[in-house]
Amino acid sequence: MSEFDLVIRNAHAATAADVFDCDIAISNGRIVALGKSLGSGRQEMDATGKLVLPGGVDAHCHFDQETGDDSVVADDFRSGSISAACGGTTTVIPFACQTKGHSLREAVEEYHRRATGKAVIDYAFHLIVTDPSEQVLGQELPALIRDGYTSFKIYMTYDALKLNDREILDVLSLARRDGAMAMIHAENSDCIAWLTEKLELAGKTAPHYHADSRPAVVEREATHRVISLAELVDVPILIVHVSGADAIEQIRWAQARGLRVYGETCPQYLFLTAEDLKLNGFEGAKCICSPPPRDKASQAAVWEGLQSGVFQVFSSDHAPFRFNDPKGKMVNGTDATFRNIPNGIPGVETRLPLLFSEGVGKGRIELTKFVELTAANPARIYGLYPRKGTIAVGADADLAIWDPDREVTITNSLLHHDVDYTPYEGMTVRGWPETVLSRGEVVVANGGCIASPGRGDFLKCECPTPARPRPSVSA
Amino acid sequence: MSEFDLVIRNAHAATAADVFDCDIAISNGRIVALGKSLGSGRQEMDATGKLVLPGGVDAHCHFDQETGDDSVVADDFRSGSISAACGGTTTVIPFACQTKGHSLREAVEEYHRRATGKAVIDYAFHLIVTDPSEQVLGQELPALIRDGYTSFKIYMTYDALKLNDREILDVLSLARRDGAMAMIHAENSDCIAWLTEKLELAGKTAPHYHADSRPAVVEREATHRVISLAELVDVPILIVHVSGADAIEQIRWAQARGLRVYGETCPQYLFLTAEDLKLNGFEGAKCICSPPPRDKASQAAVWEGLQSGVFQVFSSDHAPFRFNDPKGKMVNGTDATFRNIPNGIPGVETRLPLLFSEGVGKGRIELTKFVELTAANPARIYGLYPRKGTIAVGADADLAIWDPDREVTITNSLLHHDVDYTPYEGMTVRGWPETVLSRGEVVVANGGCIASPGRGDFLKCECPTPARPRPSVSA
Amino acid sequence: MSEFDLVIRNAHAATAADVFDCDIAISNGRIVALGKSLGSGRQEMDATGKLVLPGGVDAHCHFDQETGDDSVVADDFRSGSISAACGGTTTVIPFACQTKGHSLREAVEEYHRRATGKAVIDYAFHLIVTDPSEQVLGQELPALIRDGYTSFKIYMTYDALKLNDREILDVLSLARRDGAMAMIHAENSDCIAWLTEKLELAGKTAPHYHADSRPAVVEREATHRVISLAELVDVPILIVHVSGADAIEQIRWAQARGLRVYGETCPQYLFLTAEDLKLNGFEGAKCICSPPPRDKASQAAVWEGLQSGVFQVFSSDHAPFRFNDPKGKMVNGTDATFRNIPNGIPGVETRLPLLFSEGVGKGRIELTKFVELTAANPARIYGLYPRKGTIAVGADADLAIWDPDREVTITNSLLHHDVDYTPYEGMTVRGWPETVLSRGEVVVANGGCIASPGRGDFLKCECPTPARPRPSVSA
Amino acid sequence: MSEFDLVIRNAHAATAADVFDCDIAISNGRIVALGKSLGSGRQEMDATGKLVLPGGVDAHCHFDQETGDDSVVADDFRSGSISAACGGTTTVIPFACQTKGHSLREAVEEYHRRATGKAVIDYAFHLIVTDPSEQVLGQELPALIRDGYTSFKIYMTYDALKLNDREILDVLSLARRDGAMAMIHAENSDCIAWLTEKLELAGKTAPHYHADSRPAVVEREATHRVISLAELVDVPILIVHVSGADAIEQIRWAQARGLRVYGETCPQYLFLTAEDLKLNGFEGAKCICSPPPRDKASQAAVWEGLQSGVFQVFSSDHAPFRFNDPKGKMVNGTDATFRNIPNGIPGVETRLPLLFSEGVGKGRIELTKFVELTAANPARIYGLYPRKGTIAVGADADLAIWDPDREVTITNSLLHHDVDYTPYEGMTVRGWPETVLSRGEVVVANGGCIASPGRGDFLKCECPTPARPRPSVSA
């Protein structure tokens, strides 16, 4: 029997279902054996006292993406993927964003150019459909789905991105027919515009009025609406970045009625509140994202939703804008009205340590649930499973080796993104990924990335749901 | 002590709260005394064995109204008000409908011209706001509210009528500030258009596909949406013509959360189903209205909603289109696709007998609840109370004297509207209004109208809800 | 036309549905006419600037009742009825309580002896069924219902009073067959006993641990249980003294499912909280009642339930125990454990002023809703309507003439009960009943009772719900 | 590297999270390696084309158990465990049932005597606590929990078994302190007794009246009640054999409020209805179990509950009574009233094939969900994980090798229990376990059991939930 490429000895490992102790043998980038006392490897690592988890799958992050205005996403695929890897993530799914009036296929090609030669870990693309023209719906999108771009995001707000209800129905109908997965940013655009104008007329332009311009009812309404549109079409959807109790109520209601409505939430809804937008004058801008963080009660509701299964996916929604930068949060200096401050928070590197420490460490969720939310489910829902998201024979050897007891005080200098702040500055967590492997190759060691940019592969996604005939309208 | 103008002897009378036996004395068009053995009247009537109820207030009927296409509402204020009176109704509140791009004030003046000299009973106007321009919101509407037009209807569907969410917020905001009441036609326009196109592409154009083009989820979505918009503005609203269980669930949910959301339903949702749109080939067109009638389970849900207080108002939504008429249901003959068949059903005369017979007569609702739903509540909610809607000293002597035992088989020849059919043809009811008084004057006797067109007065409505400062956006 | 006995001029009057201005003419104890400029009366009163309301019906008060231990209800029918009258109430429905092992009929006769010659206003009796023996179910109770005792209370807790589920089914089944109304004290007896023992073992015996011994879940459970038992039997029930959000949720859920479940609440759940049991050492005992007052959020929920129609009845649950009295709250001096402190609070006189001031005066409920909750509905639900509970021709002239603007600071010396404290000491209310009439006779003038004990009549109650055949078990 | 005891080649295997292809190596009864091209085994099996699943864990089955009357459970540990094994189950958890007035420890010893030398697969015991005396609560139960009997069942009905609410609180309180798991049979005993008597008085004694004697509301009430008791104590519970929509609504409501309430359902609630109790005269007795099967809508609700996560466990509730046997269903011949017919249905062997065929095969649930419900979750919840319930390195080699395409028509002659019927006679399923291994030993081959009675080991269970201090009563 031949030698393995690599054997990780004495792993205390977990999947979405199981926790077990064994050696892990890797050859040709894949896990080839799990066992006690496995044969030798050309390379060996000892994981005694460590936790070996599937590398995280971050299904919601923005790298090198168009923003539709002057602001600039700070991370490209190099810094973004390095930051992800250093946080225990081995797969990212950023967005390829169509510009209204332009080809979706061209957008995909352009984003491939941006990724090529840069990523240190594997990546897939979600599409952002902003202009479901006849050309897009009739030709480009079906072809792209066949080519492995099987999920797309729909915005219900932002002028440059949003679709109206009819366009959403068209896109969902295509998702149903071709088996793709639709992700929804659910906020009511008209309400936000109306409130924003009212706030500005009242001279309320400081950063924290951002939260007042997008109250929970605005998110709840859009959530109910898109659930209704999906019910009409009879197609699964996933509501992204759910912020609190009101939207959760709608999703739970839909799930109880048997509708296949999935939910995603993010660290900002567990660890920040709207109060954070008020702190330190303009510093509150650092915590501006959409939907905005809510309050302590909503944080509790989000934890409860993670525990009870309302949420399937926990992502970062990493949207990296620099603070001291005229192309970032400081777009117009401290005179900027909240309307002009780019929406988004960095977090691709802190996602897993925050949830591990406060979730697993403090007994709120089990370790298997952690793996399910951060790796297995996003891989499944977006068609990357079983290649990604688990520790099983045949899966890619994408592994994060955690020191579960290491205490780390988060500070921006520690992080590898290209942003000048972290909203979690000063938080202490317990547990950190020390060594990270991608397809059997060590990409992070001693907390630093040692991989060459460009080694990350593009991943074609399978269709996550069975393709079905176009829905009958009279059923 | 001087003589009364009229004394009705031995009345068995009911209000929204009470059932009592007494004489009713009337002078100068008003009720001036209720009592045992009241003094004499210049005119006297004996109501022994009869039921004396407040004349009905029909808060939802369309008379001589623009339809935005070639079809024509068959009833003008003469035939419409006569039909109403013969059905026991003494107050109607039809609509003055703005045309997009035109003045709302001018629309009101035009509808006054249409009503003047024709109505046999008193009437007020709801406004239909289709174009909330700066001129309308800033000047016309506030002035009209001050002039006694204190309620307006907002459409969420129909291209010629609908407002978008932002316009709805503007109009609701004005309603809040000035104390007016907004009535909402809640159906999702985009969904209807999308489904209609799909049905037509599939060749499904027969009348009954109308129901498939507007399924319950389409109404439920819009109901949740407008509840959310009203919650944002913090203003009461009334959802009109609620058709079944799904929309009821949303309204009940809002009410349980303490929101002031009122509900109206109509006879068609108690007595028709979508199956009726399938009957007898094109005859199904007779039952086309929006939202469409649903199914038996929804009928039960609507009854339950009437009993338990989800609904405050029971109206006719009388929208009289002739069947055999190229300007009515037969717009293009029997080749018409459902899309072109005008939406609406006649019912101003049958509203009260149907609810009385099936509701009170069969023990589903109490007599006081009947009065509440059909007279007292619409008067209150639209600012006509206590002048209309009750039997109390000081109120207008608008009375309907019912024979509670009279059996009537409904047939169109019996009715007084200017429509060539009734959807309730052949139904037998028990209980019918025999004599009807408007301001103390007998307008219906022996089932026929004996009043002169034009005797009906225009009623200025009070503001139903307290005017309040424009809502703060940061509360 | 002959003179009236009494005419009240210029009344601003209200019923459960209407507010109107008129004179009110009374003869032979009944309202015989309502009108403008009615003929003369042998006696006349001017109500200009006052409010004339139906006298209150207090459907839940304990006068001269057995308590099953050494404690003594302080008010007999004299002091109790005087206190009620002075608070604007003209009808009381205290309890005739069966002792286990004894005849229910004998209990009724005994309570008649206690009432006779003492009451200044009219009264009926609810029965308390504590021992549904064959004799009671087979003979006594059906006969008593025929004799005008048409409602009975069932306790789910208190050893001396409680019925088990099977006994409740038997009693509800009889209520269904004979058309009687069952009132339920819903708390889980076993839970209370278990918690009480645990608290005592932990040395937690101070008055405020009473609230810990009966948390909201204990009331919620029993509420759901008895709703289920009533659903099985298919009979209406009324849940008395509902304390907060948890029980409300169950009642609302039942009502939404179409079950006829009525709800009653009381002033203590609007104006007290569990914190009041902690104040001033043993003084907290003054606020001990069952279920205990909850928290501010529950107060808000109870207000919301009054507004939205979850509750039909607002009673006092007047259970008058003296504070400084070894047969009252001070049963064993300040060493008493909470278990031994009698459960109950005085409130028959403050019920209406508190709700009027905080409800009507502060815009939380309308005046008609006030009348509905405090007079019309209890009269209807317990079979005293239309004789009691409204201002209508033919009704008893039971009227309370309120000065809506009078400010009164509640202090025990002001009240007429035979208790040495009021839990509302020091609260200032706006609005007070100045003159009260019972069957046309002034019983309260200038805030003092001028009626002779014994003038109050016993009232036979009608069956509030239609008698129906014993429920089929296989339906 | 030494040889493995056994290698299963080319397995297509599944856990609760993963589906993967590999060889499975077994030594000393445990899985020691999973991998591609593993080294050789002394024994080898080829699983090409088969499905290798964790052996089922049937957490609810009755073997050789006291019934409290004359009836006799037909299966002892030999026939019962053989039947289980032949159906793909490798672990059973029958009950050791205390007799009221007797020692629980003695009961356990007696059931060990019954199991010893008979079982062919491993087994643990749930306790049935029928008499929580001071001795039992203070000494026996804590010691038994320490000894590996960490779950117990509480009955809310059956005179010989039921606990009252106070006893339930005591037992739940102990479960909380010591970390045990309580299983609840939730039906309201009083309601059942009352309905049964009513039915018998009406001469309604045929088998199908069993369902009328235990309608859904009876189960719903007890479900809400025990949820409340557990909420009071703050302890997880598991509701066993949930039959339909009403009880599901309560469990879902509790879960949404963050309570740790688990649910179990059984094949009879997916495949039978109350109608089956009516078929073929007395043959309906074959389908008598408690709670009874409901209707088609409830079957759909149970499927939905399995899909959406309301249920964690799918068990058989195998309660084997013979049909043609005076100690079985035929207790008094065909004259037996439903009251005397023993409650229970055989199903330990058909549990997995039914769910596999109708659930996995027809696309209602995924294969991983099948493993989770039937093996992983019961192992976890009852403290047998990770030894049982998964395919992972270190786990017992309890494996069922299924032919996923084999069609089997269920007929009693095919089954290995000692009962003379199956309620699923004639149903055709697709998928059957062909070979079953227990701790690496083939116990079923070619559909027949080849194991020696007595080879099954008793399993001590871990505490499934953390032990916690006795609950504070004032928290």
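By letter and in written order, the chains are A, B, C and D; residue numbering begins at 1 in each of them.
The rule is short, and it goes like this: a contact is a pair of C-beta atoms (placed from the backbone, for glycine too) under 8 Å apart; a residue touches a chain by one contact, two chains touch by 3 or more.
Quick caveat, the model's predicted, so the values are computed rather than measured.
**Student:** From the C-alpha centre of chain A to that of chain C, how far is it in Å?
**Tutor:** 58
**Student:** Hey, how far is the Cα centre of chain B from the one of chain C, in Å?
**Tutor:** Distance between chain centres, rounded to whole Å: 39 Å.
**Student:** Would you give the residues of chain D that are in contact with at least 2 other chains, written as numbers and ranges?
**Tutor:** none
**Student:** Chain contact graph: line, ring, star, complete or other?
**Tutor:** ring
**Student:** Dump the list of chain pairs that touch, please.
**Tutor:** The complete list of chain pairs in contact reads A-B, A-D, B-C, C-D.
**Student:** Show which residues of chain D lie in contact with chain A when the two form their complex.
**Tutor:** Residue list for chain D touching chain A: 1, 15-22, 25, 32-39, 252, 255-256, 258, 304, 307-309, 368, 372, 376, 386, 390, 392-395.
**Student:** Could you pull out which chain C residues touch chain D in their complex?
**Tutor:** Contacts found on chain C: 164-166, 169-170, 188-191, 193-195, 198-199, 202, 204, 209, 212-213, 215, 217-218, 220-221, 224-225, 228-229, 231-232, 473-474.
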